[in-house]
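This structure is in structure tokens; I'll ask about it shortly.
Here the chain labels run A, B, C and D in written order, and each chain numbers its own residues starting at 1.
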Amino acid sequence: MGPENSNYRNLNENPCSMCMPMGAILPFKGIEEAMVVLHGSQGCSTYMRRHIAEHFNEPVDVGSSALNEKGTVYGGEGNLKKALDNIIKVYQPKLIGVLTTCLAETIGEDIRRITTDYLAERGLEDLAIVPAATPGYGGNHPEGYFLAVRSIVETLTGETGTHAKVNIIIPNISPADVRELKRILQLMEVDYVLLPDISDTLDRPYEKPYTKIAKGGTKIADIKAMGGAAATIQMGITMADELSPGKYLAERFGVPLFNLPIPIGVDNTDLFINTLSNITGKPCPDGLKHERGRLLDAMIDSHKYNFQGRSVVFGEPELVYAVAKTCFENGIFPLVVASGSKNDRLGKLLEREIELAPEKPVILNEADFTQIREKSKAAGVNVAIGHSDGRYLTEKEGIPLVRLGFPIHDRVGGQRLLSVGYTGTAMLLDRITNTLLENKYKTYRSVMKEKYFRDSKQRIAGAK
Amino acid sequence: MAMTEKQLEEILAQYPSKTQKNRKKHVLVKDSTTENPQVIEANTRTIPGIITNRGCAYAGCKGVVVGPIKDMVHITHGPVGCAYYTWGTRRNKAKTEDPDKNFINYCFTTDMQESDIVFGGEKKLTKVIDDVMSIFKPNAISIAATCPVGLIGDDLGAVARKAEEKYGIQVLAFNCEGYKGVSQSAGHHIANNGLMQHVIGKGALEEAPAKYAINLLGEYNIGGDGWEVERVLKEIGYHIVTVMTGDGKYEDLKNAHVAELNLVQCHRSINYIAEMLEIKYGTPWLKVNFVGVQATIDTLRNIAEYFGDEALTEKTEAVIAKELARIESKLDQYKKICEGKTAFCFVGGSRGHHYQGLFRELGIETVLAGYEFAHRDDYEGRQVIPDIKLDADTKNIPDLTVEKDPERFKLKLSPERYEELKKKIPLGQYCGMNVEMKDGTVIVDDLNHYETEEFIKILKPDILASGIKDKYVIQKMGIPSKQLHSYDYSGPYAGFNGALKFAEDICMSFSSPTWNFITPPWKDEPLLTGTVADAEGVA
Amino acid sequence: MGPENSNYRNLNENPCSMCMPMGAILPFKGIEEAMVVLHGSQGCSTYMRRHIAEHFNEPVDVGSSALNEKGTVYGGEGNLKKALDNIIKVYQPKLIGVLTTCLAETIGEDIRRITTDYLAERGLEDLAIVPAATPGYGGNHPEGYFLAVRSIVETLTGETGTHAKVNIIIPNISPADVRELKRILQLMEVDYVLLPDISDTLDRPYEKPYTKIAKGGTKIADIKAMGGAAATIQMGITMADELSPGKYLAERFGVPLFNLPIPIGVDNTDLFINTLSNITGKPCPDGLKHERGRLLDAMIDSHKYNFQGRSVVFGEPELVYAVAKTCFENGIFPLVVASGSKNDRLGKLLEREIELAPEKPVILNEADFTQIREKSKAAGVNVAIGHSDGRYLTEKEGIPLVRLGFPIHDRVGGQRLLSVGYTGTAMLLDRITNTLLENKYKTYRSVMKEKYFRDSKQRIAGAK
Amino acid sequence: MAMTEKQLEEILAQYPSKTQKNRKKHVLVKDSTTENPQVIEANTRTIPGIITNRGCAYAGCKGVVVGPIKDMVHITHGPVGCAYYTWGTRRNKAKTEDPDKNFINYCFTTDMQESDIVFGGEKKLTKVIDDVMSIFKPNAISIAATCPVGLIGDDLGAVARKAEEKYGIQVLAFNCEGYKGVSQSAGHHIANNGLMQHVIGKGALEEAPAKYAINLLGEYNIGGDGWEVERVLKEIGYHIVTVMTGDGKYEDLKNAHVAELNLVQCHRSINYIAEMLEIKYGTPWLKVNFVGVQATIDTLRNIAEYFGDEALTEKTEAVIAKELARIESKLDQYKKICEGKTAFCFVGGSRGHHYQGLFRELGIETVLAGYEFAHRDDYEGRQVIPDIKLDADTKNIPDLTVEKDPERFKLKLSPERYEELKKKIPLGQYCGMNVEMKDGTVIVDDLNHYETEEFIKILKPDILASGIKDKYVIQKMGIPSKQLHSYDYSGPYAGFNGALKFAEDICMSFSSPTWNFITPPWKDEPLLTGTVADAEGVA
């Protein structure tokens, strides 16, 4: 099942994705005492801070080398070093991510050299700088995210003794999801390094006094030792190998890689739990088994309502895969599966589910919302699952939207949305089922009227 | 999978001996080879402590029969609970021509307090009627009694009469206290008597306003069933005088006497009225069944046969052909999914019987069936009625005796034509459920949770059609359940469209991938089996 | 601030409450290996099972003595004993609750004597029977609930040595809420007896084989020892003393009583945590402090949207109090506070909040939905918070409903709704805020049109 | 609370020394007693690594000025991000007469890929224009360049000209690459030049179609501001030719030359055009301010003064009186809540200045204010313009020189009348923000997160008016924030209704009980204090 050729036209009308450096900022926000600088026009940093802040409702400080026209001619090395000087003085970070942008890449800035020189010049031995080449045209934000994680690992992780910890490398999921993963790991008594950990940094408690950099995040010392881990579990099955931090750890340090889907849905969560058990030899505890039982119970209770669901799932490929799989499990058959990224794995990974489904979905790669809307309308979709920009599906086609993923800017609590693990899956399913039910009740009268009283002026009461 | 007598005995052996003895009479393993037809005990007292699915007389009267009449205000006289519990729960749909005269979404109660119990509730009831009249101005009012009302001696009839005098509308009092009779069946009887005595025949019409005038009895328009039936009947050319009582109107009900024929869908809840209408107005009744495609077709042909008009017959066939053409291929798709599966079919009314045919059309065999509140005739056919011994509880429900209406009785058929038709169509007849069931299948009266579980273990059905009270027992046992009380908020299931919708909903249960997950992997499977292939192990 | 005289008419039109035995069934479902029998017409049991099953999506087996007309004349003793026989044989419970109904009370059945005799006659020493007089006219379901809990304690709890456990007596909250309380108690390292505990019994995992009585529930041995506890925390501030189990334990056994609100909202949760700290001497752990900080952060992020909320809160008094308080805390000022119960405490308890509020709410006692609807319309309410029957407020007045409490029958997952504690409060607030936001966006165009283009046919685009 | 020079120095001392030196010139403590007016540095390069709130040239051109024109399709030529980031984020409202010609909710981009960077993006851009024309048929198209476009040498102008030839509509190319200039201000300039050169004056009208014809410049209809302003202006009797550019139409814009007067709301973003319109068409411009009640009143009176018509003046006063009567008592209520509080007011455009008046009307003193991307004249007044030294970045933005239009230039006022009016009303004048600020208050150009925190610690304001990027820094410090970019999804805030809405929203922040909880009890209070009274201890 190959994706539909999305490039039936050149115009990208109402995009379903953001640019690479946007995604690359996020992992740096999940490392202790880290800052990040964009090497390029100051507008990049401003736009991205604005969008990240709006989603998480949190301060998002991102520096910029503020390149100007002169920089485009003479290079931006001086600006970048100045930016680092200022940031180090004011924020005193332990780590700085330096990301390029369209501008820096187009003029060919060598940030690895510049930052290496910088550290030497300034004699900053305790500071880590992680450079990553993330031009806006090099991919979309999901690719930027993984590339940044890989760069972090490539830069920090070194030879080390083996130890019993498990590396958990995660994609762009909500802080609540991260906390839930940590709770599950704790229940399973697994010693782990989770990278990146935004659970406190991008959902930080109100606390006095305000600190410029939020507490929390993955410890740098832990990242340095990831090469000695017992195994890596990476939730990045849709990602290309060259973007895969887990693949790097496997190839460079021989850490066994288990590349798994995000644990949303029964199968995906089973796989996560079973893989953990397999690695550590520890059984699934009763508490988790009960959570699984409760999820199954919830799925049974809702299965008739869910089976009436015809869904479109869109957003970042990794999340889209896990959610689409969950939809298949529950008979909320996806008819449109769309990602803004170039990604040929998504469709292939869903092959087995698609084969068993009563109707074949359209898989859209490099999709924009105009395509998503057209295909959803054609397929008779009645529920959309994805980030806030899908609200146009509601406004134009009356398809209700279950908000999930990034960004959520027209509702509160995107950072608190819980969807992973057995309990999180049940919560996600309840949101979907209740959206279907709400829509059903809302349209009941008009549906019945259309069916039985088309030609009369009679009104129908007594719905439900 | 059939049931042996031995297995049945083992199930019942878990009961205390008295209970065992009692329940044994309520369960049959169908055997058509017995010398005399098998007898089942029904409509007897519920055994205390059995988790029965039965309701009470109030439920049958207010909840089932009277409640759906949309242009009346129905007042529950009693503490707040009983009114609340019948509020919207039956999913009787009603459309509104006059939005000010549709009270189907409302719930009215006197909300009796302790002091009302001590000092009597008549005064409060009178005031509540005053409130209702000043706010809603309904065409008529009903009052339904709950348990304490009879015990404290409130005279509903007297209150109703006074209100009738004061407001000049009908106020019907139903003494349907919950403890009366043995199930909701008593309530149907009480409701039927009241409607017959006080409403039907009070209308001004002397003749039906159109040809082929019929009443549709025992159709409660759950999930819109009645609408689908009416759609087809109207297309053929019938004039429906009144539906009792789904989407029903008090104003129409008053003229029920003018119909040429009464169709009886739910035999149990309404046969009293059908009988009395025949005696009083000379209108024959025909047992119909709009559940299932073939049943609907047979029913439509039977009605046409009754009227004996060639054009009507032709139109009937044309409509049948058109509807079939529209749905058949879709049904075939669904049938592929259902074929070879088995079901339990346990509901109230006549549905425990009716739905077996629809299941069969989908390729699903019913291996156990029964009724919540049936009488023996619902199982064995009306021919056993003379043999039924009434117990004290049933005797306590006052019987209504009607006579020919001196002015409005009109013989619709000559006795000869009647007898001739009777051979072809179920005119005034109902053969019951049992005759249609296969040998080895189980017939259970008043099935309870314990027996449900036990029968499931033995018969391992693929689906259970029942209600919400046992729905979750069934699903916790890993078996899909189809609610046939409220249709799980789906429907309609009657007629052609309904058969399709039912097929779709049943297939949903079989096709939903959800059921693939009901065994946790750590119980039956080694860790990682079947899933490790997904993990990309790099050593 | 006294409640409005709700009895301006005799008619109860669209009730906002159920009857006493309905409420009394629920606590018995939260005790290990317990069954319950209603002494009365079988219809009572059938109706209540139906409604409870529909809310929890769980099997709800409740016996009935199936009294008939004969019983009304000669008494129901024989029937009740038969019912007990059958239930004991088939269910083998450790405890049976025997509840009366309108019928049994009106004919004057002495269930205490009958059940005492029964146990003696049958020689059932290991079985506990808890009788409770719960006529339908004796109160509404919230009163039935507390009366049942009190009866359980009165019947089971005996003289015992003192111990360090804390009794936690809770009202009708969701299984998810109960689990959350238990999680908090565990975090606080408090040894406790929680009564009743429906967290597993009325939200049981799918599990093979099916058992007639669900696993879980408060242990009978624990209930017996409640008289020796260090203290009782009871979430029942709106309840009359004679219904208060905690009061009984205080008076009979001298267990200090802390009668607290349900921990929904910051103040209420602080009070719960602080009381626990006070009793046990144990501090609030960091994890909980972070949860509190996250709640505050969420409250700040949403405060402008919330301040535009004008709420009606209805349902069981105990829940209504906690939710109304939470609404006051967040500026979602309640303008109608309604309960179907006779309850003169609710208004008094909210006095301080009402005094500080910009508009005084109407407090409705013994309310029906017709009153609630009228008062809500008059007050310009824009969000309703309560159980599913409030859907009429949406259908008739366009007031969106945030479903909370019991019963929830037109959406799934009522048993999984989490609202207590800091984290639960944040989830509840997100549901409320997002309901306000959804409604705002839905009506934005019409509002702007009304304001600026009343006389034109121009359509407005570009909302948000 | 005022700021001392010493405190200021302590704050800046945290910076590296070069940065410290630079920033010092951008911060003033207002002192009206100095011999010469205080000078502030503005519109200079952003210091790298400072967490500025400034945006880029693309943001100013496409995001601010060009984007709101609703009947044009605006294509962002570049990788996907920049188009996405300007999609709906400014909350420019637009109503639609013709729903097929309102593209305000759309986002169009060429979504350049790596290969486009390597091989050039002109081809793709051409194809995208083809797509747009075949699907949307807009009245005109704009193309906005993002960073890489200029670097790889795509010739937007050439592509645009070819498309114009092919489709016979205007295709405007804006070379507003993000790195140009020092902030979005460069983008405003580029946009203004483009619109002036290619759009304004291209319309067919020679004269205004009605009396009192005006243009409203620098009003972007955020949250509906423009609608409120239009409501009042129309009621008085003005004819609005075009609004630039909130809810603006390309078709109207073409006729902007016929207005009798240009109102300038946002001085920074649009003064270029106002100046050029005066030179080319002889239309004077008036600095207006519709933020705040008194400002709105003053503005309305000034406009009436300009036209000098008695009836107009009377109608103006009548409308003012009516509006005041409607809102005054409500505002007084809000004022009670706000009185005595202090604010920071840091926004772009002219809002950092405008909102101070509205705050003052509510009793709130602004203790710190500044602009993101202003020039010195926005602080110090237009009289300093001749003294401003342009740096290289600004010089790089091509300047447009216009001349009297030989056909359409029309002197609207005699030079004498002009000079006379100038004494009464701000005709062609803007005095800047500084003059209105009190001594001891702080004026900051290009405020950043670090300074925001430090100033908060010293000045302890009650509320901060700023944007979403610093909103959460502010709120984490326990201080309410009012977004004046997007109004926190509220608005309108302009005019009479807007003032009321703003007052309401500000009061919300002060009144919301939420802020009572910002100190956790275990930090500042003993356990159970203040709350134990609620617990009913029974020993």
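Convention: a residue touches a chain if its C-beta (ideal position, glycine included) is under 8 Å from a C-beta of that chain, and two chains touch if they have at least 3 such contacts.
Everything quoted here is computed from the prediction, not taken from an experiment.
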>> Measuring between Cα centroids, which chain is at the maximum distance from chain C?
In response: D
> Any idea whether C-D or B-C has more C-beta pairs in contact?
Replying inline: B-C
> Centre to centre, by mean C-alpha position, how many angstrom separate chain C and chain D?
Replying inline: 52
> What whole-number Å value describes the gap between the mean CA coordinates of chain A and chain D?
Replying inline: 34
>> Just the number, please: Cα centre separation of chain A and chain C in whole Å.
In response: 38
> Where does chain D touch two or more other chains at once, residue-wise?
Replying inline: 105, 472, 476, 518
> Mind pulling the chain A residues that touch 2 or more other chains?
Replying inline: 57, 204, 206, 289, 292-293, 296-297, 300-301, 463-464
> Can you list the chain C residues touching chain B in their complex?
Replying inline: 9-15, 17-22, 37, 40-44, 46-51, 53-54, 57-72, 79-80, 82-87, 89-90, 101-103, 106-107, 135-138, 140, 204, 206-208, 210, 212, 340, 389, 392
> Across the complex, what residues on chain A touch chain C?
Replying inline: 57, 200, 203-207, 289-294, 296-298, 300-302, 305, 391, 395, 410-413, 416, 426-427, 430, 433-434, 437-438, 441, 463-464
>> Quick check on the complex: what are the chain B residues that touch chain C?
In response: 14-16, 18-19, 45-59, 78-85, 87, 89, 105-114, 116-117, 124, 127-128, 130-132, 135, 146-148, 150-152, 177-184, 392-393, 396, 449-450, 453, 467-473, 476-478, 518-519, 523
>> So in the complex, the part of chain B that touches chain A is made up of which residues?
In response: 70, 88, 91-97, 99, 102, 104-105, 224, 227-228, 231, 472, 475-476, 480, 488-490, 497, 505, 508-509, 511-518, 520-522, 527-528, 531-532, 534-539
> Given the complex with chain D, which residues does chain C contribute to the contact?
Replying inline: 237, 247, 250-251, 254, 256-261, 266-267, 270-271, 274-275, 277-278, 283-284, 289, 292-293, 296-297, 299-301, 303-304, 306-308, 328-331, 356, 358, 440, 448, 451-453, 458-464
